[in-house]
Structure formats: C-alpha cells, structure tokens
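Given below, in the form of structure tokens, are the structures.
Both complexes shown next keep subunit A, but they swap its partner, so subunit B is in the first and subunit C is in the second.
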Partner chain A sequence: MTTNATGSVRIEHEVGLHARPSVKLTQLAKTFQSKIEFAASPDGPWVDAKSIVKVMGSKTPKGTMLHFRAEGEDAPEAVRALIELVERDFEPTS
Partner chain B sequence: MQTVRLSGTPAAPGLASGPVFRLRSFERSARRTGTADEERGALADALAFAQQALEALSGRNAGDEAATILAFQLALLQDEEITRPSYAHIAAGEPAHNAWRKVLDPLIEDYEAAEDHYFRGRASDLRDLRDRVLEALLGGGEQAIPPGAIVLADDLAPSRFLAADWSGGGLVLEKGGTTGHVAILARSRGVPMLVGVDLSRIGTCDEALLDGHEGSLVLAPDASLRQEFERRRATWAQQAREEAQHLDVEARMANGECVQVLINVARPEELSGIDPQHVDGIGLVRTEFLFRGREQLPDEEEQYRVYRYIVQWAAGRPVTIRTLDAGGDKPIPGLTREHESNPFLGVRGVRLSLRRPDVLIVQLRALARAAVHGDLKVMVPMVTTPHELAQCRALLEQAVQQLLDAGVAAQLPPIGMMVEVPAAALSLDAFDADFYSIGSNDLLQYLTAVSRDEAELTALSVPGPAFWRILRGMTQHGRDVKCEVSLCGDLASDVRHVPELLRCGLRTLSVAPGALAAVKTAVSRSA
Partner chain C sequence: MNQNVGIVIVSHSPDVARGAADMVRQMVGDDVPLAWCGGAPGGGLGTNVEAILTAIDRAWSEAGVAILVDLGGAETNSEMAVEMLPETRRDRVVICDAPVVEGAVMAGTEASAGSTLEQVRRTAEELRAR
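Right, the complex of A and B next:
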C-alpha cells in the first residue's frame, strides 16, 4: 500500500549539507523503498534524497528548515528516520 | 636514451632507484571503442573496478578525514544521476570514456565555479573519481602503479598515492608543493619524493635514480652514476639503520641525562605513520590546518573530535596544542587582515585571537573538552606582554567553568606560551605561564631582522652568540622556577644544532617526525 508522509526539521550542523552529512543522508534514504525528497521551502524545488549529486548540489547551509516528503510503503518510517538523523547532527545512533 | 639529469625540490627524503613508470595523462591516451553494447559493458566494468578500489581504500583508512572523502566518491559512483546519463550518452553512440567525461566534466566545472570555498575544494574529489574510472577504461591493469617504481606524473591524487605499493619506489611530480597532501603522506610513509621537476621533454627510458635529499633525478644512468648512487644509498641506509635503533629507546646524552624528544604535527594524518612508542609526546600541534581552505570556520564539535583523536593517539603522553596562529605567512581569508604593510609585525597569533574572541573561545572550549582524554596543554603563540597571556588564561578558565556549569565534561589544561618575540624571550619572569616553548623560526627572524623567506640573506639568519645567550637565559629561568622550557622550531630538527641546544640547557626538543631518529641519535652522541 502506498502512503505519503511529510515532516520538517531545522539543520543545525555547523557546515550545512557538506560531504559527510550528505553521504549519511543519502545512505539512510537508500535503505527505504519509498521515493524520498526534500526542499528548503514547503513548495520546492524538491531534491531526490537518494542522490548525492542532488543533495550536495542543493548547497544547503546551516539553519535551513528541511522539508521532507516521501511516497511509498515505508514513507512514514523513512521521514521519521531522516528527521532523526538531522536532529542527532548526522551522528550514528549510539 | 642518453643520461639526463633533472633537478627538483625535495619533498620527502630518501633514495630510490628502479624502473620508470610514467603515469599517462588521459587527454593523450587513445582507446579502441566497440559497439554500444560493448561500451556499456566496458563502463559497467570500469565503475565496478573503481568501486572495488574505493571500498578497499576505505577499509584501510577508516575513521579519519580520508574516510569522508572516499565515502563521498563511493556515493557519487553509485548515484543514478551520474550513471544514468552516462549510459544514455553511450546509447546515443558515444564511446564509454567520452560518455563518462560528458557527465563528470560539467559537474567538475560547476563545483570549480562555486562561490563557496568548500564546494570548490570538492572539485578535486570529482576529478579524482573521473580519472579513476577513465583509467579503468583505458586499460585498467596497465595504469595500476607497479610496486617499487619511480613514478613520474604531472600530479597525483592522494587516493592514488594511498592505493600504491611504494616499497622501494619513489615519486616525482611536475606540479604540487612540499606542503601538499601527497608530500605529507610521502614523508610520513618514507617515500622519497621530488616536486617541481620539468618532465615535459623526457623521452622513454627504463631506469631512474631519485635522490630525495639533494633533489635530483637521473634518467637512464650509466654504470658509473649507478655505482656512485649505490654508494650514497648504502651510506644513507647504514645511517638510517643506526638511527632507527635509537627510535624506541629514551634519548640519553653521553652523561646519562635524559632528553625528551617530541614531535611537531601539522596535520593529524601524519600520525598514522608514526609509532607513539617512539616519541615522548607531541610538542606542537599546529591548528591552522583546521581553519585553512574553507568557507566556514570549524565548529567546537569538529575541533573537539580532532583534538581528542590526537590526545588519544598519544596515549597519556603530553600533547601541546597551539591556538590558532594565523597571520604572518599564514593568512586565513575572512580572519586575518588584508594588505598589512608588514604582516610578520602585524596582527597575528594571539594579537588576532584577542581581537576575535568569538573564534578563540570556540577553540578554547574544544581544547578544554579534549583535555579530559589525556595530558593536553594549551600554547599561545606570539605573546608579547604578560597581559595577553593573562587574558587568554581568563578566557580559558571562563570556558571551562561554562562547560562544567552546562554539565559538559571539561578540564582546565595547563596554559603556556610560545616564545618568539625577543621582548618576551628577555623577560620570561614577567609571565604567568605554566610552560614555555621556544619558536626558534620567528625568534631568529625577529632577532636578526632577516625575513624568513629572504633566500639571499640565509647566512645572516643562523643562530649566533645573541641567540645562544638568550636561550641560556631562558633555560636558566626555567630551572630557577622549575618550569619546563622546550624548543619546537626547525632548529631542533637540524642535527647540526642539537649539541649546542643541549649545551645551552635545553632538555626538551620537539622535532619534525622525519627527523626523530636523527635527533635522538644526535642526542646520544652529545656530551
């Protein structure tokens, strides 16, 4: 069954979406079946969260409100997991 | 081919001889292309090959900055935004290598044109990845660097350096500097290396002799040159063997007195090639590497992690970390003053830090947090008056208090000063410092009024009676008040000066990692 999910979180990581945070974000996004996108504004433009080229290309700075949206069977789990990743500053779960 | 002798700048010491391996420049290489299906297969193979190589590298370089770079390249390699258009170009009739370039080149240009310094820096990662795949396409195995070769190249990516087996081999680059990333790696892994060698007109040849001490490269040597080189190598190897025996023992002078020999570190990567058992600690960690070449200054967390890594590496041995020493010959955009009429006499070191407490406090907080993990000391550069050091101490104490109040683990580390300004060197008793470390490079420059980069005047900037007299005064003060006085400038790494430094009363030297064995040996031969 396909569901939709959305959520937002402010990115507090000092450098914004640089290489390390971007790699973590795409790695996590790829563990979900759903199509996952994010944007710096609720009405886009939307960026494919599974593409490192797109995520780094967004050049998102610190303090940006990241809006996630997902579509697919595991959409709610995907959005929750990604928000948690940003909230714990891209650190691995301890 | 006739014997050719080329000279360059020594970037890592040592002698190497062996077969010449010229790394191809991709623009000039030709590749036989097949049908669209074959090309698709060729690209898929090359991508898989590159991925394997990157994964093997990540396994060997886990945990440090290199791991982030490799993870980024791996993620790019697996990104459909890159692979899909590449295969589309092939379907449209392009050979695989052109298809790959057509996707990567615009991306590289885009990063190169970025306003943000950080993103511009990532262009080199993309180039590294582009070339890795191109190389796999252009005949894979052939371009793998053979073990033990003398490698001649325009430039070399750090990941390629890390992937090669350098045992017995050496590296000669047309571009690159002695302080570049590859040069640092070469020094820490003991690979002889030269930079700035004009390779444009050399023909094909089989054999080369590389001397990383005097900075020479001999191509197609004749028998007598080879013999002479072997003699030099034997002497050097014998000397290195003798010196290496001093590495894992305490440095003791002939009279039995112990001398602490520590190392200077400019980048944490250097530590991976050094055995902590061979050192008495780290006498100087330069922190400029954290601040240089980036858009945003490093935050407390990033700094804390780096300092903690270094302190944990030292495993209980003392680690002296110098607060940011920007200015002079180390400008940092957005931080140091531009167009100072004389930057070495300008707003640099602690003078700049006290004018930018926002930057200094972040660093002091990170240091106080890392102090919990070992024997960390904080050193303040370019101190001229007691008040400057007192201000830094007050800020450090305040930072510790605030961390503790917030429930963050922190500890007040000892705070000392780098002695570089003659006015300070002549009045150590006026300073409330927990230790003194002599920065001989700047102290000599200020004492002799000779610029450090004035090649014509090097004969004037050697230590003379005035320098030794000041040095004796400082070590005497240290003994009087039982306070450590060490020396962390280049002088300590130069074995010719070691006996005199010891005669002046110094018992703690901090040296370049590459000079460790030689300095310990020189100490053991000093009366």
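Right, the complex of A and C next:
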C-alpha cells in the first residue's frame, strides 16, 4: 500500500547540509523503498534525497527548515528516520 | 558479505590519493571496499599499471570496481590495467569520467547503498553535467 508522509525539521548542524551530513542523509534515504524528497520551502523546489549529487548541490545552510515528503510503502518510517537524523545532528545511532 | 561496488583512487600524487581515500572512509564509512595508489615507483609524481592492478585487487568486489583518476597518465595507465585484468573481471571495472576527490566521495556514497556499478559510475559522472 502506498502512503504519503511529510514532516519538517530545522537544520542546526553548524555547516548545514554540506559534505558529511549530505552523505549521511543520502545513505539513510537510500535504505527506504519510498520516493523521498526535501525542500527548503513547502512549495519546493524539491530535491531527490537519494541523489548524493543533488543533496550536496542543494547547499542547504544552517537554520533552514527542511521539509520532507515521501511516497511509498515505508514513507512514514522514512520521514521519521530522516527527521531523527537531522535532530541528532547527523551523528550515528547508538 | 560485502558485495558493494569497490572504489579505486588513482592520482599522480600519493598524498592526493591517500587524502581522497581518507575522505571516503570518514564520510562514507567502512561498507565500501576501497584502495588507492599514486606516485612513481622511484618516488615523485606518477602512476603505474602494476600499482593500479594491485589496488583493483585490494578493492575487488563481485559487484565490480569503479576507478577515479586525476590526469592523463592516471587514465591511460588505468585503461591499460583494466585491459590486463582476467577476462572474468574486465567487464566489471569502469573508469569514471569525474573529478577524483569529489567523484570518489559521490561514488563511495552511491556504492555504500548497494547500488550497481553502472549506478555508481553515473552518480560520479553526474558531477560533470552540473
């Protein structure tokens, strides 16, 4: 069953969505089946969260409210996991 | 169990190659087979086919290996190294047309997600088109 999910979180990481955070976000996004996108504004433009080149190219700065939207079987889990990643400042779990 | 695509970094400078490999390790993690080579056999700048073959071997994965190169000889020597591989491996090694440092991090990120060799190459080369 396909579901849609959305959520938002503010980036507090000091350099924003730069090199290492971009890699972590993309890696996590790719563990989900759903199509996942994010944007700095609820109106877009939307960036494919599974494309490392596009995520890094977004150059999203600190303080940005990051809006996620996902579509697919695991959309709610995907959005929740990505928000948690941003909330814990892109540090690994455990 | 590691069947992620491997990454090989070839630079004229061992410092550049090692540094690029460090970036992949620190940013992407340990889930990607990774090897680097650089420098002439007698010291100084350069690349050589034998060292590239060894690096391909160290980073070998059944899913294939993506090579990132810097300039001129790094590319031609890598092509020569690929030609010298056993036939069973030759088709599973690609040389990416991408900047060596950025390409290695992009390719490594893609590879860490279990993507195919073609997807890894495409992601590294996406940098060029931007």
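Basically, the second predicted complex is superposed on the first by the 94 of 94 C-alpha atoms of A that agree within 3 Å, B and C clash if a C-alpha of one lies under 4 Å from a C-alpha of the other, contacts with A are read in each partner's own complex, and residues count from 1 in each chain.
To be clear about the criterion, a contact is a pair of C-beta atoms (placed from the backbone, for glycine too) under 8 Å apart; a residue touches a chain by one contact, two chains touch by 3 or more.
Bear in mind that the values here come from a model prediction, so they are computed numbers and not experimental data.
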{"item": "Touched partner set for A:Ser51, first subunit B, second subunit C, both or neither", "value": "both"}
{"item": "First, second, both or neither for A:Lys59, with subunit B first and subunit C second", "value": "first"}
{"item": "Subunit B versus subunit C as contact partner of A:Thr31, first or second or both or neither", "value": "second"}
{"item": "More subunit A residues in contact - subunit B or subunit C", "value": "B"}
{"item": "Common ground on subunit A, meaning residues reached by subunit C in one complex and by subunit B in the other", "value": "19-20, 23, 26-27, 51-53, 56-57"}
{"item": "Residue ranges of subunit C touching subunit A (in the complex, touch as defined)", "value": "26-29, 105-106, 109-110, 112-115, 123, 126-127, 130"}
{"item": "Residue ranges of subunit B touching subunit A (in the complex, touch as defined)", "value": "68-69, 71-72, 75-76, 79-82, 107, 110, 114, 116, 118-119, 122, 125, 296, 298-299, 301-302"}
{"item": "Complex contact set, residues of subunit A against subunit B", "value": "14-15, 18-20, 22-23, 26-27, 48, 51-54, 56-57, 59, 62, 89"}
{"item": "Complex contacts: residues of subunit A adjacent to subunit C", "value": "19-20, 23, 26-27, 30-31, 50-53, 56-57"}
